[in-house]
Amino acid sequence: MSDLTPVLRLEDIVKTFPGVRALDGVSLTLMPGEVHALMGENGAGKSTLMKVLGGILKPNEGRILVAETPVVMSSPLEAKAKGIVFIHQELSLAEELSVAENIYLGELPRKRFGLVDWATLETRTNAILEKLKVGFDARTRVGDLSIANQQMVEIARALTVDAKAVIFDEPTASLTDAEKVVLFDVIAGLQEQGVGIIYISHRMEEIFRITDRISVLRDGSYRGTVNTADTDEEAVTQLMIGRKLDLTRNESHHELGDVALEVRGLCCGDLFRDISFEVRRGEVVGFYGLVGAGRTEIAETLFGLRDPSAGTILLDGQETVIHSPTDAISRGISLVPEDRKGQGLILGMNCRDNMTLPQVDDLKAGPFVAEGAEVSIFDQYRDRLDIRTPGWKQLVGNLSGGNQQKIVIGKWLSMRPSVLIVDEPTRGIDVGSKSEIHNLIRELAAQGYAVIVISSEMPEVLHVSDRIVAMYSGRIMRTFTSEEVTEDNLIQAISGITPDKAA
Amino acid sequence: MQPGTLSTFLKRGAIWGFIVLELIFFSIAGEFLSVSDKAFINVDNMLLLFKQSAPIGIIAMGMTIIMVNGNIDLSVGATYAISAIVMLDAMTWSMFAGLGDGVIPVAWILALLTGVALGALNGLIVWKTGVDAFIVTLGSMLGYRGLVFMYNGEQPTSHLNWTLVDFAEAQWLGLHTATWFLLVVTAAVWFLMNKTVHGRNAYAIGNNRSAAVNAGIRVGPHMVINFMIIGFLAALSAVVFYSESGSVNPNDGELYELWVITAVVLGGTKLTGGAGSIISTFGGVLAIQLLRKGLSHIGADTETVNLVIGLILIAVLFLDRQLNTKGKEELKV
Amino acid sequence: MNIRNTLAATTAAAALALSGAAWAETMKIGITQNNVGVDSYQTTYEKAFIEAAAANDNVEVIVLDAGGDVARQIAQMEDLIQQGVDAIIIWPTNGEAVIPAVRKAHTAGIPVIVTNSNIADAGFDFVASFSGPDNITQGARSAEIMCDKFKDMGIETEAQVVHITGQPGYTTAIERAKGFEDRLPEVCPDVTIVDTQPGDWNREKSQKVMEAFLVKYDNIDGVYAGDDNMGVGALNAAKAAGRDGIIFVGATNFAVGYEAMERGEYWGSIYQSPVDDAKAALKTAIETLEGKELPFLNYFDTPKITQDNMGDYTKPVF
Amino acid sequence: MAEVTKRMDIGGFLARQGILIAFVVFMIGFSIANARFIDPDNIMGVVRSSAIMGVMALGVTFVVISGNLDLSVGSMMSFSTIVVLDLHDKIGPALAIPAMFALTLCLGAFIGFLVGYLKLNSLIVTLGMLSAIHGLTLTWSGGKNMDIADKEGTWFKVFGQGDALGIPVPILLFALLAAVLGIMLAKTPFGRKVYAVGGNATAATFSGIRRARVVFTCYLLSAFCVATAGLIQASRSLGSQNTVGQGLELEVLAAVILGGASLMGGSGTIFKTVIGVLILGFIQNGLLLVGLQFYVQFVVTWVIIILAVWLDIAAKRGKLWSLIA
């Protein structure tokens, strides 16, 4: 870093929506060659700020300066033309189109008469793909790629223009560790070229690994910028949420009960093979592995959403066949799915109705839904999970991510399951809510639930689990107790390295 | 060859397989059931097949664009009728009286402009109000039909110009005029959708609208352009057809939207947008016309025709889904 | 392309030769109907046509239905020409739009017989003959039936009439409406037609239209409907509203109209049998092929039928 | 700020209730144009003749809220009308009615099976069925009009022509069905599931709701409503053509959309559908009374549909013009 002119500077940005002051005088300076973390809880204003920067929203007050020249941006395309590139968190790819077309989406190279210049497009794309060391080429259809590779396509978009600033919004959410390394190399490469990088993430270990400075937002206002080297996780967290967090490993143990769920030799086509494990009451079993290792698919099979091709499932020692979620629910299995908005919630429905949906058949007064009973269930779990909402009539689509997730968890807790499966319980959720949810999972186990936690975040698995099942490519590589697990042996296991080879 | 190529081929090729099946079936059934001595697969008959596919086929090309773009247009039948009226009526306007047969291109252009304008109106409403295209065009299907009747009451609008008829009935290199139009439109739309930035953006918008918006693609203008194209093609279809027939009933083109959508869906275009192929739509159009032709070749009566066409539509949809399932381990949602 | 051209030419030549030779054996007659299934007249016509053809050993028929779509009808004309039939009978969906297709048949040497509703004058050169009812006369006769009744009742100077037409755009609907509206002022100059709305050949639609008329007008003395289906729909509306004394006149005497006449609720109609219509068309086609001299216009008679003379007619079968 | 919010709310309220307001404005407008319009007899007459379309719209509301379409209702209504009229003279009305209901429900079950269990696209399936059922109807009737022999004596006519408590039976049937289905949709677990399936089918499945069964039931309900409409229709005219229901599917869909149900599924109510039905009925009637040509009605319906839906979604997004770039 040097004292050159900043590539991008935001000055006292104010953005109000009817009744809300979403951004309240936010300033941010991005120097060339700097990786600048932007942190804050969900709802702190990060995405609003990014929308202002991208020209999707117009700020009420304040200025945006690119290379110290004030600019007004009215569209993402204009932002890109000025050298500001966004890498979005949610995959925004057109699956039917080729990799090349996706990378150059919105700015395909043209020949005369609006024709696409395919030759140029492919040459340029392949050059970028080479830098990213990926195993596909410009013509591959994006829909045929794995999620991780699709994320790489998204990242490749940053390399198409002579960027001055690149904004990464949770780029690692679905990347494997190997791909993360490539991504960090790409970021380092950009850095060397003097590109400024804004890096948004909830993952502390990444922030501390690659960023130079950290700016923090809270409740729409700017809380300050610190040099990464001069601070630690605790200090940053405190800046973000105004209190301390418990980030220790799980060491508390409670009495384990009987085996609630046992799986023997479960297979499902190519998705996973020969899966055997058991979960006791009072125990949290973590499933750790790369995206695509088959963890979610196991959960879906247990929940009756997929038919296993072989193997048996035993609940409380009884062999069971589960054909549908309805079956699973009636046998006491609950699943908090991975995709909150797509699978967990009906966004256009209110909080109460979402929460009581699985048991609406049982909450009856005569032929009608017993609305009073529903409200009391909602109230009970709102209090217990500390869900912040103006009332049960609020549409869940209007809640923040953390509160939405709590609604989903509340939905399944109110079913009083004997086996609770939570898939990526804190994806896209801020630090504060994250730790609340972790504590909740521990508490539930203490109350005698058998809990399975599927997660791609190592600190999370380490924090909540009594035992950890490491998966690689559809198989269980190894099962660790919380005493024997270390970060190293866990990473080896999920990378497909068996203990023998490692030794 | 990548894995899945065979199944992709099957999916893409399904419509052509269906066409071959139809040809075989009607040839054999025709031997027993047809009154005619002519074989079903006869060069003349196949040339006619192309010609008769033109009215629906030309519009279907536009519908493919609209559906790839993630919209739908139910008003094409009415647009078709209005354009036809404009074309036929314009030839009688006194201001063009001095032009002689020179009035023909003028009338054509007026008709095409009418189609473009009506399409643009639909597109602008969809863009500016944000109302779903299905609802907007369901409304204009009624509204445009109202305009048709306003033009000339319940009377047909007619103007028989034999120069025009001779042109429309001509055969060049063995193919009828209408066939040429259909082929040129197919080629042009294929080119548009596969080679131009506009076409690729249309795919991107239908595939993932928010991605397109994030990438700075202006969704609205692209949609308006596509609605103008389908309006143009509906008008072109009218121009081609009514140049030959010279008279339009105010209820002409009713139910065309349904036949057109059927052809497009048979060709494998997704109703959700983002995927679809012009060549397969061409196959879908041929498949429907072949079905009609075949059923009349073997002398099926009205009730059978209705029943068979309805059930085949469902059967093809079912087959298409079967080809697209991933097998037993698929997620059950 | 050249090969295909030659091929096409040879097949065409073969087709012509064949149609000439096929003479001695059987006559192949193709018919393309307007819209079977839209009303029972056309269905009955279709069935009667097939029966009449089956009764004649020398005739084979191809029966097609255009479903009300001009494009489909023209395609069917082309198919029939291509299949090399000896004669084509057409029930036009649009009296002008089919002229070029008829010319094509004419050029191919296939005589065309128009049935039920005629094509426009411009196409007469290409048509062997027309067989069917005279819809303009029918409309005129309905006007006369109504006017006569008004005169009997002595209200011919003040009567008010509403008019429910067939499906907009159909030749039959247009011709009957024209016949009625031209003739009525000639015979009963003081009778006024206060309103006209389409009933789409549909009993239910017509009933709705009549309900609105009844609300709108306190004095309705007569209703003319483009066919009896719609006439009975209007009658149902009047009965439900308790309005008596209205004179209902329709056309194409359907069974339902005949019954209403028996009950004395419906005054009169035009007796038009689809069976006669179909037989006449087939006969005209056969005689044309046999080379008989025929008048160009073969109208079969469609007499007036009222409560007074209905005993002379059998109840329609449709 | 507070003031702004308040004004926004009034605007929001106006937009949300746009359809009701439009209804009132129309009624006033037509009443001024022709005093007979608000004649009780006329109003009763309009409601009575809207009842048939209205009953069908009730069932289609369920289908639309569950996220599907039903374009086959018109064709299916022709089928039930023809069948019940034909059977009336053959096995008597007491047996003809249940037989017709059973057959119509079979058609509904078939569609429900295809869309619910086989997960085929409802637009195409019901489009296919529109044609196929028309074929069935023609086969059943031989293409002929179907008329009851004894039109005076049969008690069958009570459903279409009878009165009870001074109110025409079709209106009573419509009101009764609207009340039952309205409560079913708003208050029962099944209704909740219909909204859930339409709102997010995947999330509903993940919540243990059997999507297929819900969709299947919606189509059964729709078929039941169609059968009821067919019964009223048959009884009203005691005779019918094969095409009696032709085109009604679009009118029904227009009414449901006017009522504010989203074609994406998950929203809409029976009450609003009833308003949508009445608006269409009164527009038709009003334009006839004002003496405008039938085609003006097409244009007016076009404008109203787009305005109504536009206002509705504008209220939801808080902006008049769309956010599409």
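Lettered A, B, C and D in written order, each chain numbered from 1.
We adopt the following convention: contacts are C-beta pairs under 8 Å (C-beta built on N, C-alpha and C of every residue); 3 or more make two chains touch, one makes a residue touch a chain.
None of the values given here were measured: they were computed from a predicted structure.
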Interface with more contacting C-beta pairs, comparing B-C to A-B: B-C
Chain A and chain C, separation of their C-alpha mean positions in angstrom: 70
Length of the line joining the C-alpha centres of chain B and chain C, rounded to whole Å: 31
Centroid distance [mean C-alpha coordinates] between chain D and chain A, Å: 44
Residue numbers of chain A (touch at least two other chains): 75, 305, 324
Of all residues in chain D, the ones touching two or more other chains: 134, 138, 143, 202, 205-206, 294, 325
Overlap residues in chain B, where contacts from two or more other chains coincide: 149, 153, 213, 217-218, 302-303, 305-306, 332-333
Every chain pair meeting the contact rule: A-B, A-D, B-C, B-D, C-D
Complex contacts: residues of chain D adjacent to chain A: 1, 4-5, 8, 183, 187-189, 192-193, 195-196, 199-200, 202-210, 266-267, 318, 325
Complex interface listing, chain A residues touching chain D: 18-19, 75, 303, 305, 324-326, 328-329, 335, 337, 342-349, 353, 357-358, 360-361, 363-364, 367-369, 411
Residues of chain D defined as touching chain B within the complex: 114, 118-121, 123-125, 127-136, 138-139, 143, 201-202, 205-206, 211, 250, 253-254, 257, 263-264, 293-299, 301-303, 305-306, 309-310, 313-314, 317, 321-325
Chain D-touching residues of chain B, taken from the complex the two chains share: 125, 127-132, 134-136, 138-150, 153, 213, 217-220, 223, 258, 261-262, 265, 271, 302-314, 317-318, 321, 332-333
Chain B-touching residues of chain A, taken from the complex the two chains share: 75-78, 80, 86, 88, 91-97, 101, 105-108, 110, 113-116, 144, 268-271, 297, 300, 304-307, 309, 324
